Structure formats: C-alpha cells, structure tokens
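These are the structures, in structure tokens.
Shared between the two complexes below is subunit A, which has subunit B as its partner in the first and subunit C in the second.
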Partner chain A sequence: MTKYTIKRLLQSLVTVLVVATIVFLLMRMLPTDYYFTEDQVMKLTEEQKNDQLLAAGLLDPIGQQLLRFYGQLLHFDFGVSRRIQTGAPVLKVIGTKFAISMRLGCTALVIALIIGVFLGVMQARHKDRIFDHIGTAYTIFVNAVPPLVSYSLVLAFGAHVLNLPTLYSTRNVGKSSILPIVCLALASIAHYALWTRRYMVDELNKDYIKLARIKGMAFKDIMVKHVLKNAFVPLVQYIPASFLMTISGSLLAERFFSVPGMGPLLTDAITRYDLNVVQTLVIIYAALGVLGVFLGDVLMMLLDPRIKLADKGGSR
Partner chain B sequence: MANANMEKAPILSARDVEIQFSLRGKKLKAIRKCSLDLYQGETLAIVGESGSGKSVFTKSFLGMLDANGSIVGGSIQYDGKDLATYKTEKDWMTIRGKKISMVMQDPMTSLNPLKKIGRQIEESIELNQGIKGPEAKAKALDMLRKVGIPDAERRYNQYPHEFSGGMRQRVVIAIAVACHPEILICDEPTTALDVTIQAQILDLIRSLQKELNMTVVYITHDLGVVANVADRVAVMYAGQIVEYGMVEEIFYDAWHPYTWALLSALPQLGVKGEALPTIDGTPPNLFNEVKGDAFAPRNKRALAIDFVEEPPFFEVSPTHKAKTWYLDPRAPKIEQPDSIRRLREKMKLKERG
Partner chain C sequence: MSEQNQKQNQNENPSNGFEFVEYSPEAAERIGYSDYSYWKSVFQNFLKKKSAVFMAFVFFALVIFSFIALKIGKYDYSSAQIMSDASLAFTSPNGEFWFGTDNLGRDYWCQVWYAAQISIKLALIVALGECVLGVTIGCIWGYVRSLDRIMTEIYNVINNIPTIIYMTLAALLFGQSFRNMAIAMITVGWLVMARNVRNLVLMYRDREYNLASRCLGTPVWRILVKNIFPYLISVIILRLALSIPQTIALESTLSYLGLGLDVNTPSLGILLRNARNYFLQYPYLLIFPAVIVSLITITFYLVGNAFSDAADPRNHV
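Right, the complex of A and B next:
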C-alpha cells in the first residue's frame, strides 16, 4: 500500500513538472516586447532594451532558461511580478489572494459535500417520489442554466430577501462571504446529489442487499451499514473533480462578487502580460488538480479493499 | 422417513396464493391460486421452466417480492400466523433469517464486496440472536468451520474477492443458516457454479439440513439435482403447481402432460440418432386471463375440456396428485408416453443391477 502511494505521488510530481515545463515554454514563445510597459517601449532605445533583456536572462538559449527555471522551482522561487505589483515576489502577490480563494472554495466544498450527499441519500430513499423529482429538477436546473443566471438569482434573493451584502468586503468578511460561497456550492451540491443518488440506487439493486434483507436486517441499517459506504467509494473519485470545479468556478464567482481572490488575479495577469504571475498561477491550479486526483486515489484505496491487490500483484 | 412426514401436520401451508405484479399499468398474474404444504425436515424440489413462478412463489414466503408485486389472494399459514397478511418490513423481520431463510443463485454478487466475510456472518448472528462482540465472533468462526471453510480465523478477516465462487456460496449458506432457520429456500444454488463444485455444495446443504433439522426447498431446472437430493417434487407451470408427489412417483409415474414433456426432454432418455424432444410453443401470457388447462395449447394430445375448464387435482396416490383431466374417470383412456415407460424400465434394470 505504501509502495502504491509513493508511486502515485511520484507520478503526480512528474505531471506537475510537465505542466510547469509546457507553461514555461509557451510563455517564452511570446515576443519579448511584452517585457516592457508601453512607456518603456516608446522611450528606450533598442540597445537599452537589449541590455535589460540580457540582464534578465531572457536572451539566453531556451534550454539554459529552462534549467534555471527548474532551479528556481526547487527553491520555490517564482520570480517577481512586473505589472500587478511591480517588483514584488510573485508568491507574495498571490499569497493573500490564494488564502481568500481557498477559504471560500474549501468552505463551499465542505458545505456542498454535506448537503449534496444528504440530498442524494434522501433522493435514493424516496426514489421516484416527489422529493426525488425536486432534487432531479434542481440538478438539471443548475447544470442547464448558465452560471451567471443562477448567480444573479442568488444575488437577487440574497440582497432583497435576506439583506446580505452583495460585494465582498474585507471589513465584513463573514457576512459578505455568504453569497459567494453559496454560488460556489450550487454546482457541487448538484453534482454530489446526482452521483450519490445514482450510486446508492445502483447498490440498492444489488444481490447482496437482498441477502442482507433475507438475514433480517432493517432497511435503515442496510442503508447506513451497506449502501452508503459502498456508494461512497465510487463517489470519492468525484471529490477532486469538484474540487477543481469549485476553483474554476471561482474565476467567475469571485469576479461577480468582487472577491479579491485568485480568480480575478489570473485574468488580470493575462490581460496585463504579467508572465511570472500567469505562469505561477497555472502551476498552482495544475498542482491543486493533480493533488485532488491523488487524494481521490488514496481515499479510494483506503475504502476499497479490492484496490490493495494492485500492490501484491493480485494474490488470491 | 419421507412417508412418515406425510402424517404430520405441515409446518408451512400455502393455500390458493395469488401474486400480482403491476407492470406499466398492466396487471400480471404471476401466481394463480397456488397451494403447497411443507413438512418438517423434508426436501422439496420445485421444478419448471423460466417464468413459471418458482422463485416468485417461494420468495413470497419471506416477503422478498419486488416492490411492484404483492400477494392479492390466498393464505400462507406458518407458525399460527398468516404470512400473506404481512405488509411491513418490520413484520417480515420476525420471519427472515430466524425462521425462513434463502440462498440465492449467484454467489459472486450475493456478498457485500467491501465488508469482511466474518463481519457479514456476524451481522446475521447479532441481528437474530442478540449476542455481540467476541461471543458473536466465536459463533461466526464456528459457522465458517461448519460450512467447510478451512483456516477460519484467517478467512474471517478476508473480503469476498479473496474467495472462489464455491467458497463464496459456502459463505452465503453460512449467512443464510447462521440463525438456524426452520425453512431454507435454495434458489438454484448451484447454477452459477462449476459442475465439480455443485455436488460439494449440495452435500453441504444436505449435511446442514440434517444437523439443524431444516426443511429445504430447492428451486431448480436441473432434474439431475432433483433426483439427487429431493424427497418430494412439485412441478410448476404458468404460475401453478400442476403435479406433486414423491420423487419416484414423479420420475416414474407422472401423469401431467407437462411433467411428461419435461421428463422426455431429459438428455439421458435420448435415443441415439433421434433428435431430443423439445416442448413446442411458449408459456401463456400471464397478462391475460388463462382459460382451462394452461398447458393445453402446447399439448398435442389435449382433450376438448382442457381448453374450456381448469382441471382440479386428481389423486394418483396419497402422496401424489396431478392437475389434469387425464385422470378423470370420464376421460378417454390415455397411456403414458413411451419415454416415461422407457424411463421406468431403465430404472428397474438399474435397480436389478
């Protein structure tokens, strides 16, 4: 089991490294003019520009630049921001914003997991009855309607009925976080409900449930002791996916509620050609995604005894 | 021994049971006034083609019908109560496991893949005998040994995927009989297994039956299994039992044309160079009302009355009854088909050695 975990961990690291390399190479393909602000492009002579580029190491052969980039990665040195906060280390620029995004994202994820799984369980229990139909309608609505529309509905409801702040503010973090978190959770709730219901119904139709009933087990006990755990195993795989979804959702939701998080930062950095920031953000997103998949695999392995076989080479 | 049983009162007595399924707004009568008595300690085999209602009928004894099916008529007397009136899971939990239990066809899917084998047996013991902890574990280990699983201590902590099909069926049997039920229903317990394993499983069920003094009901297509294990046989067709009797009576002196057709199709009776007989046609559509003898449309020698009126049971011997007009004294003299006589002669030869 440890061997398997280590193997998967190494694979994950390689994946992140590949992503970092590709992003780095793509960024170096941009014309070097973007290194300068518009002002500088106008004022500086070709020679001056050349000197600055040379000093920054941008004219070195690409292989050499890549090696240097790897070296910096090893020290968690992601360079400095050139536009957004000129001269500040990228990590510092991202740091506070990352914390905000993660706090919103993780809260939304936990809420979604609890509500979504609960909703799915109830739907499976009352399959084909009114509760199930309402749940399905919700799932379809959230998936079919563009997020901006559902966000607007949440915003309208939150602002007019519940009197909640519609813009994020650092002075009132708790209250002003509610609406963004709800919006972030909307889609994840639908996903968890959908998959929980699906896997529980799947499990409920299996023969071992019949045997459990034959041996005299109460339906409620069967639901908890047999169905839920078994349905949760395939469900665990979706947690990383929804983790990603919550993050990518934040690109939109954070902008919508003016949250000073990582989402708006990425679009900002791209429009303003702050290459080091873009590069770092993409690597962070990739690392989060890979981490999610890795954790999903490890969780699966902990929950499902059949997977441990991969370790022993399928002994029987 | 089996004959002695007949004098006792039955432990379970199903009378005129009718079971209906609603499918897409239509009603399907899967069981049409079916009656059956079970006696303490006997082994009864129910045979019949797919869809004849063998499984559905016996599942109704422990409330395991699918959600869209229900008992709409008749009674199932057991232990002074009428099981046909049981509605809730709570009612059934007084029966399932402790009184009547069941082994299903496919051992590969009958066990929870994510629970240790031992725990799955233990659950059954905890539920029905009210013991917990080490005591329940000891009983579960005991049960594992009883069903012939070596190295029980180690096996207790293993998961179903670490067991072979035959071993899994042994575990399923252990779960089903862990609480010493009075009646064990085996729904094609060996169909999914290797032929070499089949005999072992049948032996196991037989020895457990003796040890725990259970009544065993086999549901099967396999007349070989029937001849091997059963004391009595009931033949089902289109939701009814059409003939029942002691195993020798059914094999050598059957009277219902459907039983004849089944026996004639036995490969052992085939004559070299001749095609093995098959039963033409299909069973009646149970969405419609069945008129007369349900088998008449497929019976080449059907009488005129077969198409008009449903036959009652006629007695062949005190233990053997058949639901066919052939046995009515007013009916024209009908001979049993050649194949049945051939079967009888073959067996006589064998007995003489």
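Right, the complex of A and C next:
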C-alpha cells in the first residue's frame, strides 16, 4: 500500500508538472501586446514596450524562461500578481478569494448530497411510480437546460417570489448567498439523485436481496442496511474530488451573482496577461484534481474491503 | 391410394412430409430464423416509443420554424441592429413586435430565433466534428495496444487543464467568431467521445468472434467497421445526445462571460447577458429565449436517449 501510494503520488507530480509546463507554453503563445493595458498599447512607443518586456524577462528565449519557472517552483515561489491586484503575492490574492468560493461550494455540496441521495433512494424505492417520474424529469431538466437559463429562472423566482437579493454583497452575506448556493446545488442534486437511483436499482435486482426478502426482512431495513450501503460505494469515489474542487469556485454562478470568488479569477488573469496568477491557479487545480481522484480511490477502498487499489496498477 | 388422397393426407397431417409455409413471425422466432437488419430494428424499436417520436417531431418542428420565423418576422436581424430606437425600448409583445423589444428598442422576435438557430447550428457542427474525431481516435486508441499507454497519458494531461483555459486562449489568439468557437470546442470535445469509444473497443476487440475473424484474415478496418462498430453506435448516440445540450450551455456561458461570439451576434448567452438586469421588470425578456432553447435541448436530449436505447443491439433480438 505504501509503495503504491508513493508510486501514485510521484505519477501525479509528473502530471501536474506537465500540465504546468503546457499552460506555461500556451500562455507564451499570446501576443505580447496583451502585456499592456489598452491605454498603454496606444501611448507607449515600441522602445518603451520593449524595455518593459525585457525587464519582465518575457523576451528571453523560451527555454530560459521555462528553467526560471521551474527554479521558482522548487522554492515554492509563485511570484506576484501584475494586474489582478498589482504587486500582491499570488498566494495572497488567491487566499482572500478561495474562502468565499469554498464556503458557497461546500454548503451547496452538503445540501446536494443530502437531498440528492435522499431523492435517489426514494426514486429507487418507488420505481416507475409518480415520484420516480418527477425525479427523472428534474434530472433531465437540469442536464439538458443550459445553466445560464436555469440560473436566470432561479434568479427570477427568488427575486420575485421570495424577495431575495440578486447580487452577492459582503454586508449581507447570509441572505445574498442563498441564490448562488441554490444554483450551485441544482446540478449536484440531479447528479447524486441520478446515480444513487441507478446503483440502487442495480443492487435491488441482485440475488442476495431476493434472499433477504424471502427471509422476511422488512423492505425498509433491506433498503437502508444492504442496498444503500452497497450502492453508496461507487458514488463515494467522486465526493472528495467534488469537495476539493469547490476551491476553484464556479465560473458562471459567481459571475452571474457577482460573487468575488475564485471562479472568474482564471479567465480574468488570462485576459489580463497575469501570468503568475494563471500558472499558480493551474497548478493548484491540477494538484487538486489528481489528489481528489486519489482520495476517492482510498475512500472507496476503506468502505469496501473487496476493492484493492494496488491491483489496478494506477492505470487511470 | 390415389395421388389426391395422398395430398389431402399431408395437408391434414403436416408432420408426415414437407410443405411450403407462409412467413410467420412466431414460427420464425421458434426456429431462430430472422430477416434481421440492424438499422431496420433500430427504427422499429425507436418508433415503438410514442413519446420519443413526439419529441423528435417537436425538435424538428422548432428547427424548421426557426428558419421560417426569421422569414416571416417583420424585422430582419441585421436591420434590427441598426434600428435601435430608445423610444421603443421595452415594448411588451404586440402585433408589431411579436416578442416585444429589448432595452435598446430592438425587435426581440428576430433576435430570439436567430439565437436559437445559432445555438442549433453550433451544436450540430460541434457534435459532428467531435463524433468524427473522437470515434476515429478512440478506435485507434483502443485497437492498437502499443498506443494505449501514451494516449492515456496524453488524455490525462489534456483533461487536467481546465477547458476554460483553452476557450479563453482560443478567443484571445484567434479572435471571437462562430468558426473559431466551433473549432475550439471540437478540439477539446473529442476527448470524452474518444475515451468512451476506446473503453468499448477494448472490451470487444478480443471477443472470440473477433479472434476468429482475425484468424480468417479479415482486414482490421473490416473488423472495426463490421464487428465492433455496431456495438459503439448506441454509446456514440448517447454521447451526442449529451453533447448537444452541453455545447449550447458552453456557448451561452462563454458568450455571457464575453469570451464567446462577438457582441453584435445575438446568441443565447448575449441575449441573457443583456437581459440580466431587466428581466425582473420585463419577464418576457427571459421567458421567450429560455422556453425556446430549453425546448430544443430537452427534446433533443430525450430523443437521443431513446434512440440510443433503440440502437443498442443487445435490446434487439
């Protein structure tokens, strides 16, 4: 197990490094004009521009820049932000934002887990009856309708009927977070309901359930003690990743409700040529993604002793 | 005994000899004969589902109507752009402006239908591109053993970079236009399809009938196309059914963020971005685009799911 873990972590490290390198190179493909604000592009002469780029080390050969980048990474030096918050260390810029995203995301996720799994259980229990159809209709709606449309509908409903604020504000965090949280939870509820239902229905058709029923066990007990427990194992795999990914925030939901979180940071940083911020964010996201998958596997193994990780040989 | 008598005897007691029979489905089922044709049974299975057929009808009706709507509308999209008249802003739907006007007094009917058309066009092009690229790469990935490892690594790396980076970079590097957006979406979107196809090809490539086929000297392309492909169709269609709503969603998100189509093209994202601050007072600004686009995506999603069920050869028999 230890050997497996070490191997897996080393592999992940390579993946993260490759991802960071690729993004580094992709960002260098952008024309250097993006380094300046629109004002500067108009006003500065070519020489001034060149001087600034030279000072920032952006005109060096790409290999040299890359080596410098690796050197900084070795020292965990992520540099300073250029335009998002001029001069502030990147980690500080992120630090102020990720807490907001995480609070919204985690609340939404917890709500979604509770409601989603409950909905899925009820659907499996009342399979092919009216409750099941309503649940399925909900999942189809959430999966098929563009989030922008469903967010707009939530916003219209929340503002009209419930009189909730439509923009996030730091003065009234509790109330103004409700609509963003609902929007974030919508999709996750559908996801958990769908898979809980499917795994439970699969499980219900197995022989040991028939035996349990023949034995005369109460249906409710079978559902909770056998079916749900077994159906939950494949579901659990994605939960750590979902919790970790709340750090990255939701691009659309946060923009839509003007939440000052992590979601829009990445696109903002790219469009403003804030290279250090982009690279740091990408490294964080990739690391979280890899870590999430790993934790998911570990959690699944803990829940189901039949699953052995080492056999898989880290083939993902 | 005369000949006539013999014949009569046989007719009364058919087990005594042979006779010609009419084709009957029950008998055919009993002895295992079938006039099976793959696509025929796909359509037969599909047509059995009345709700799916109805959905397909609604979908095609909407697509066709989006073209008619632009023709019969009183304003053209291009002239509507010019004709922004502040005094007409927020006119509720009436005989002149069938869907009312937006915040700049432009006709909403032509904008909404144009946006619906753009969404459908983009989604179909992207889905087709994804499909061709994804299936081709997926087949090679799954069939050629030695490529599997390296392809999996490539997949992992690309998959670990957030999609939004590609889309933002594409918008900045190549400019914002319909074509660029479609290309950018295809170059990212094939991944999922390729992965699904690869997993299936891996599953079927070493089944006994393929082994036998290979031993008999069947060329690789024929094994892929004739032996394996029918098993893939249902998954490919399912992926398409998901991909089309996803493409429409991604387009609207990107356009909303200002990274999608350019601002003067009415698309779902841009319409809703413009309406974001007004639709509380003027709900029709939200309802018309929301209902039309949702109808398109939901019907397509359901039709795709039903068709994918029908296309699964395991459901035939």
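Observations on the model:
The rule we apply is simple: the second predicted complex is superposed on the first by the 236 of 316 C-alpha atoms of A that agree within 3 Å, B and C clash if a C-alpha of one lies under 4 Å from a C-alpha of the other, contacts with A are read in each partner's own complex, and residues count from 1 in each chain.
Operating definition for what follows: contacts are C-beta pairs under 8 Å (C-beta built on N, C-alpha and C of every residue); 3 or more make two chains touch, one makes a residue touch a chain.
All values reported here derive from a predicted model rather than from experimental measurement.
With subunit A as the common reference for superposition, the partners subunit B and subunit C occupy compatible, non-clashing space. Touch criterion met: A:233 reaches subunit B, while subunit C stays clear of it. Judged by the touch definition given at the top, the superposed model places A:143 against subunit C, while subunit B stays out of reach.
When the two structures are aligned on the shared chain, A:152 is found in touch with subunit C, with no touch to subunit B. In the superposition on chain A, A:131 makes contact with neither subunit B nor subunit C. Once both structures are fitted onto chain A, a short way to say it is that subunit B and subunit C open up an angle of 70° at subunit A, using Cα centres and rounding to the nearest 10.
Judged by the touch definition given at the top, the superposed model places A:267 against subunit C, while subunit B stays out of reach. Taking subunit A as the reference, the larger set of touched residues comes from C, when subunit B and subunit C are compared. Once the two complexes are overlaid on the shared chain, A:35 sits clear of subunit B and of subunit C alike. When the two structures are aligned on the shared chain, A:4 is found in touch with neither subunit B nor subunit C.
Closest CA pair between subunit B and subunit C after superposition: 8 Å apart. In the superposition on chain A, subunit A positions 316 are in contact with subunit B in one complex as well as with subunit C in the other.
Looking at the complex, you find that subunit A touches subunit B at residues 206-208, 210-219, 225-226, 229-230, 233, 303-306, 309, 316. Put simply, subunit A touches subunit C in their complex at residues 15-16, 18-19, 22-23, 26-27, 29-31, 34, 140-141, 143-149, 152-153, 156, 159-160, 166, 248, 251-252, 255-256, 264, 266-267, 270-271, 278, 282, 285-286, 289-290, 315-316.
Subunit C makes touch with subunit A in their complex at residues 152, 156-157, 160-162, 164-165, 168-169, 172-173, 242, 245, 248-249, 252-253, 256-257, 259, 268-269, 272, 275-276, 279-280, 283, 286, 289-290, 293-294, 297-298, 300-302.
Contact residues of subunit B toward subunit A in the complex are 62, 64, 89-90, 93, 96-98, 101-102, 104, 106, 109-115, 123-124, 127-128, 159, 161-162, 172, 175-176, 178-179.
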